[in-house]
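What follows is a set of structures to go through.
The following pair of complexes shares a single chain, subunit A, combined with subunit B in the former and subunit C in the latter.
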Partner chain A sequence: MYARKGYELVKDFASGEKGQLQHFNEELFNQVVDQCTQHYTELEALIRKMQEESVDVRETRNADHYGALIHHLSLIRNKRCLMAYVYNRAEIIRNLAWNVGLELLELPEEIQEKFSDSEKTYFGKHSAALQSYMADLDIDLNVDMVPPKDPYIKVRVLHDMGEGILLSDKTANLARHSMHFLKRTDAEQYIARGLMEELTG
Partner chain B sequence: MANYYDIDDILVEEEFVPLVFHKAVNGVKVDESIEKSYIAQGSKLELPFWLAHELHLRQAVSISAPACFNQKTRLEIQADAACVDLRSRCLYFYKFGCKLAPLCDKTIGFLLAYAFGLRYKEVLHKAHTVAFTAASKFLSRLTKEETNLYEAAQSSMMSFKKWRMGGPRLHRAAILGRKRKVDE
Partner chain C sequence: MASGNGSVSMMDDYETLISTTDVELLKRAWRNEKAAPEILQYETALIQRIKEQIQLAEQNVEIFESNGIGSLTVSLYQMDLDRSQFLLRSYLRIRLQKIEKYLFHILKTDDQLNRLSRQEQVFARRCTDDLGSHLDETVLSRLPDNYQSVLKQSVTSEEDDMVPAPRLDTFVVCKARQYLSGLDFEPEYSTEIAELESDLLTFACYKFIKKPFEKGMIDLV
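Right after this comes the complex of A and B.
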């Protein structure tokens, strides 16, 4: 079927939960590219046939013209599917940088595995650009937008994070289930990664 | 193209439409099972919308309304729009209808407006009242567009409740997926 592989790729993306990353489907992705090549060879063959019959390729509207047209449209369709797949993944990857952490190693391992190689580079470059922008402005842009009532919050540690973790005003021993009174800006990144939870009341 | 990268838009355009070829086409194999790669003039086929649309612009084909907009569905919608299982007919009933209406049958527009008007009320009502366990039966009838509305209604209600009751402001980033149970 025409440009069917591209559709399968997009369908694969859509089947995942909204806004969350899945494994980069290398196999299907390559199949779409292969199908593009196939459409291209058939398109070329039809054009060559028209040239051999010495008809005007630009003006004639014969059966070969419409055949070539369908192959051309299939190529464009597959291209759109490929672009949409990469573009929508890139959007999620940017969100990860904004919401979770700017270093690749800060992300949970199961998320890192889902990146393709070029996506890892993309993530690194996007983070670097963000960091240099924030350094120029001298302001941290990925903290909570609502001003806090109290600069300190109470948190509980959910995962063992090790001893002697350096925070902005002290070093803390963040053992699992321990409760701490931390600077909000320090705690935010750990909460976002699911390592701590905020306690209220 | 405004929504070139839109996943939903790509999926809508993959819906099949029946069409009649006015021109013969060479070098194209529509079905893998058929040996010959030739479409004769006047043959009737079903092709995805994106292809049908482009061919229609070049006057190579004429499109007729697909099964999900047939007389039977219309009658069912007139009887009680809220109870019709649109999801099994076409996952993107409204978007597909909007794209199709100018090409083959203008009356689809009225059908969509009528169906949506009645169903929207039902969706909104159910989103606020139906318990989560009872919702699955009802949700299986909704198209993708209606499901989005349903979820929007629920999330706005949840935000409202959270605003009224208060609670922790900071959360685990939603982008990481659902919270896994911390292994003991």
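Right after this comes the complex of A and C.
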């Protein structure tokens, strides 16, 4: 059936957990693109046939016209599916830049390998755009993601982060499992990357 | 920021004073921006003032710290500062995220583009280029010639039919700052909405209240 592959592609995206990136489905994606090319060849063939029969391509409403129309509609449907797939993935990628980190290497490897090459480039460029906006305003927008209650919070270190890490008001030895009382703005970036957790209550 | 003009003796005066401090204005702008489906006018002057005040407060906290003023006082000032900074950052962040989401729509018309600050416009243009070339490389360049536009489905489309636009028919919770009669609303929605009581929490379709909202007669909640 025409345009079924496109539907499968979108479903592949939609079935993933919300906000989580799946592997870029190269195989299915290429199949949909190939289908577009096929539709176009057939569309052209039909138009050519109509021209050879010297009927008016714009006005005539014969079987060939409707055949061509079906190919055209299938093609744009496929295009919408392809675009939706890439566009929605791009949205998740942008959110990663906000919530996890602006450098590609800061992202966990499991996430990095789900990107296509073009998506990696896009992530880099987009982060650069964000960074230059922040530099222009001289304000860091990646901290303070939740409304502040206390300027200081209690955290536990989940991964060994090494000694002598420079925080805004002191250097700390953030050994694994140790607990600290830190400035919220300092701790936030580590919490986002899963290196620390906030202790509440 | 501490709005601390404590010398006002009348409670009413004090209340009005409090409700017009820049932080309160920012809080209002932030709430509106957060609840509105589309991007709103950038508060150029207000943001400039807030930034200056934050700088001032940062200096004050530093001076207090070096002067050894009690740590409780300092941390109260610090908390006040933190809250203002959160508001400012969150305000700017929400706007950027809206811009990211409705890029092509915003860049299409001057009316929308002029709502952005200069830096936001630079950002929006860069984003469009980046996303455009990403879409181009991944999808569009591999499609037949007539189907390569980002904005249109194919060359036969008469208007841009592939641009994600904000949905203005979503519902918002709002509160009128004063009594609004039918004249304050767009005539075309007169059958939908006839009046709005002042200060009454109302659930309404965004596009019905868009006009008085843009004039500042309504706040979103």
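Everything that follows uses one rule, which is that the second predicted complex is superposed on the first by the 195 of 201 C-alpha atoms of A that agree within 3 Å, B and C clash if a C-alpha of one lies under 4 Å from a C-alpha of the other, contacts with A are read in each partner's own complex, and residues count from 1 in each chain.
In this section, a residue touches a chain if its C-beta (ideal position, glycine included) is under 8 Å from a C-beta of that chain, and two chains touch if they have at least 3 such contacts.
All values derive from a computational prediction rather than experimental measurement.
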Which of subunit B and subunit C A:T121 touches, first, second, both or neither: second
Partner chain in contact with A:K11 - subunit B first, subunit C second, else both or neither: first
Per-residue contact with subunit A, leading partner among subunit C and subunit B: B
Partner chain in contact with A:M179 - subunit B first, subunit C second, else both or neither: neither
Touching partner for A:D144 - first (subunit B), second (subunit C), both, neither: both
Which superposed partner A:R94 touches (first subunit B, second subunit C, both, neither): second
Touched partner set for A:R80, first subunit B, second subunit C, both or neither: both
Shared contact residues on subunit A - subunit B and subunit C: 80, 83, 87, 144, 184
Of subunit B, residues touching subunit A in the complex: 4-8, 10-11, 14, 23-28, 30-32, 38, 47-48, 50-51, 54-55, 58, 60, 166-177, 179, 182
Residue ranges of subunit C touching subunit A (in the complex, touch as defined): 51, 75, 78-79, 82-83, 85-86, 88-90, 92-93, 96-97, 100-101, 119-120, 122-123, 126-127, 130-131, 134-135, 137-139, 142-144, 147, 153-154, 156, 162, 164
Subunit B contact footprint on subunit A (complex, rising order): 1-3, 7, 10-11, 13-14, 17, 19-21, 42, 45-46, 49, 61-64, 66-71, 73-74, 77, 80-81, 83-84, 87-88, 92, 95-96, 99-100, 108, 111, 144, 146, 153, 158-159, 184, 187-188, 191-194, 197-200
Residues on subunit A engaged by subunit C in the complex (per definition of touch): 33, 36-37, 40, 72, 75-76, 79-80, 82-83, 86-87, 90-91, 94, 98, 116, 118-119, 121-122, 125-126, 129-130, 132-133, 136-137, 139-141, 143-144, 147-148, 150-151, 184-185
